[in-house]
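A, B, C and D label the chains in the order they appear, each numbered from 1.
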């Protein structure tokens, strides 16, 4: 099974691991994210980059959890990486050089949560528009605060 | 003077009759109502029976702007620009709950109804509306068109221009 | 009814229809001063990124335009030939001249096809 | 201009002066109204394309964080509105996994049946729209007629033509009305007859082949690198299908093949979708044959509403009914990622709950969003007219792409 191989081989790169409904979860620090992901891709065949998103825990000290999902076609298994990131410096290495689908996903996570992806030069807003202030999916952003572009009629 | 009144109403009715049966819609389709627009303009429920099915995909050749689906704040300037570039006389149909009032998306991303940025002539309720209610809305719009006034002679009162 | 009268009626009818529609349009149509946005080119609702519409066009468009013109005018002459084919004494001459005319054009078309003028790349 | 443009493209500064930079813009019939492609053209060939989405971003995640678990279901319909039931079932399975509920056998088979039935409607809509954009109006009208019968038929079951909200956590809204399955068989035969005509019209149609064969070709590595899944990936030759790799619902008992293309161009994507419709029709028939009896919803007081008679007579049923409606379902804390094979590819729901009655975070991994990320590689080098069939064959659905 690929999960035991991953746990054994990549021992030093992650801190904690547990099982979530049949899917291996690795919790790791932001520094060794790039190393872990490149080894996962090359040695264990996790070639499909599924998803990157973030979770906002306003009360917790490392406020954000950047969550990655990968899928390995050869072993038919999924894996989830969780990277706790502090609020003042929410920086994570960008995976643009490893996966093409990371471009759009990282742009979305950047504009929705304010996660900085170092190494991704093109972090323009993708779901929102130029001139949108703030990160709407954070828990402290009020739901109905609209920032209209077009001036309303009288 | 009564003859002149009679003549002008006949003239307005004639112009209204010509216009209401040759509506060229510009389907400004964005979301799920677009599936209903495809259903209403194809064989089973046919808007062509009312002369309103030949979609013109440029605002220059269309006179009915059907705003079909949710208009988000990123889409609002696009809608405003398409409306401005339409030739007179033009009418606007808010197709579906999202175009009418933002639907059940009450959040930072969705424009709460297109009448905040452009004047709307007819609202179609439903999410997505059933084809029958779309055809009913087109018939109501045609009644509205036929009642409009087209002043030529000085003594007729001027029609307020929709801003 | 000398033939020129028929032509005159035809001319008056065409000018009349066009004139009527223009007059009605000017008379009944709403007179609204066009705003700046209305005069801008329509680019699917977005702002046009480049405003320069006078620029060098690639040469590929030119031969395609010429070929279209060539074969379009040919169809115009087709109508004249069709019209004249009914008269007994004219029929033989018009058929011969037309076949010669069409033959040269078909030759040109075959050469053009083999030369690859119709391929886009 | 009185308001700034919503997007900024790198092409307006980096395009070389001889080329034309145009918008195949947001309000364009071929881009389904919500995608803006800023293309740099050299004559007719697209040199570079810059795809912008987000024009239909309706804040699905923010809305679902402020609704109870049952009230999120109507929002999941509007994700991929061509096949609303598939989204419902993925969301419901995510919540049921957290709650530890196993659905009843009848509900399991019925959900599979409806998944495949909605896949037929989605593929028909996709092929109809992309063929109509290439000029095949007759094929469009044939397919719209078939799809309209499917809509009316599902309207008879769920009450809505397009946005069904038919699923409930732990089951379904109601059981099949009588006569529904007989009508289902009629529609399937009707669909097969009409789809033969579509095959007759398109498969060996000179124009269709010239416009789609060897256009927007890609290899499997390229598809995996850009994260494509579903018919777009299978058209390159890799038989990756979640219904076979990680079977869910009642797919282990169904026998079906996974259609696979040869060289991953527009024609293969069209043909993989048409073959998948045939497979789905046979799967629906197998589901109808093996549909077991029994209740549709699991009778677990935490999730399912008691029957109306008991609510009017017994006080406990009234209390559970009241609590379920007013406070919603309490889902134990935890996180789960559930992915099904939606018509466009792998649709994944990542649900994090903190034990309250509202989802703490509900992220949707949407295939259309990833396809838009990689689509510019399929546009560059081809002609402007090929943008339309390529975009049509990717089947981008606005609601699912921008969420």
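Note that in this section a residue touches a chain if its C-beta (ideal position, glycine included) is under 8 Å from a C-beta of that chain, and two chains touch if they have at least 3 such contacts.
It should be emphasised that the depicted structure is a prediction, and the values quoted were computed from it without experimental measurement.
> Any idea whether B-C or C-D has more C-beta pairs in contact?
C-D
> Just curious, how far off is chain C from chain B if you go by their C-alpha centres, in Å?
Each chain's C-alpha centroid was found; their separation is 34 Å.
> Starting from the mean Cα coordinates of chain A and chain B, work out the distance between those two points in Å.
Centres of chain A and chain B (C-alpha means) sit 44 Å apart.
> Per the centroid of Cα atoms for each chain, what is the distance between chain A and chain D, given in Å?
Result: the chain centres lie 24 Å from each other.
> Any chance you could list the residues of chain A touching two or more other chains?
Within chain A, residues 127-129, 136, 143, 149-150 contact more than one other chain.
> Two or more other chains touching the same residue: where does that happen in chain C?
If we look for residues of chain C contacting two or more partner chains, we find 37, 44-47.
> By the touch rule stated above, which residues of chain B touch at least two different other chains?
Residue numbers touching two or more other chains: 74, 77-79, 82, 107-109.
> Following the definition at the start, I'd like every touching pair of chains, please.
A-B, A-D, B-C, B-D, C-D
> Report the residues of chain B in contact with chain C in the complex, numbered from low to high.
Residues 15, 58-60, 78-79, 81-82, 84-85, 88-89, 150, 152, 159, 161 of chain B touch chain C in their complex.
> Please give the residue numbers of chain C that touch chain D in the complex, ascending.
The touching residues are 37, 43-50, 55-58, 60-61, 120.
> Taking the touch rule as given, give the residues of chain D at its contact with chain A in the complex, in rising order.
Where chain D meets chain A, its residues are 2-8, 10, 52-54, 57, 59, 61-63, 66, 97, 224-227, 229, 238, 240, 245-246, 334-337, 339, 346, 348, 350, 352, 360-361, 363, 365, 369-370, 372-374, 377, 402-403.
> Can you check the complex and tell me which residues of chain B touch chain A?
Spelled out, the residues of chain B in touch with chain A are 73-74, 76-77, 80, 106-109, 111-112, 115-119, 163.
> Which residues, counting only chain A, touch chain B once they are in their complex?
Going through chain A, the ones touching chain B are 127-129, 136, 141, 143-150, 152-153.
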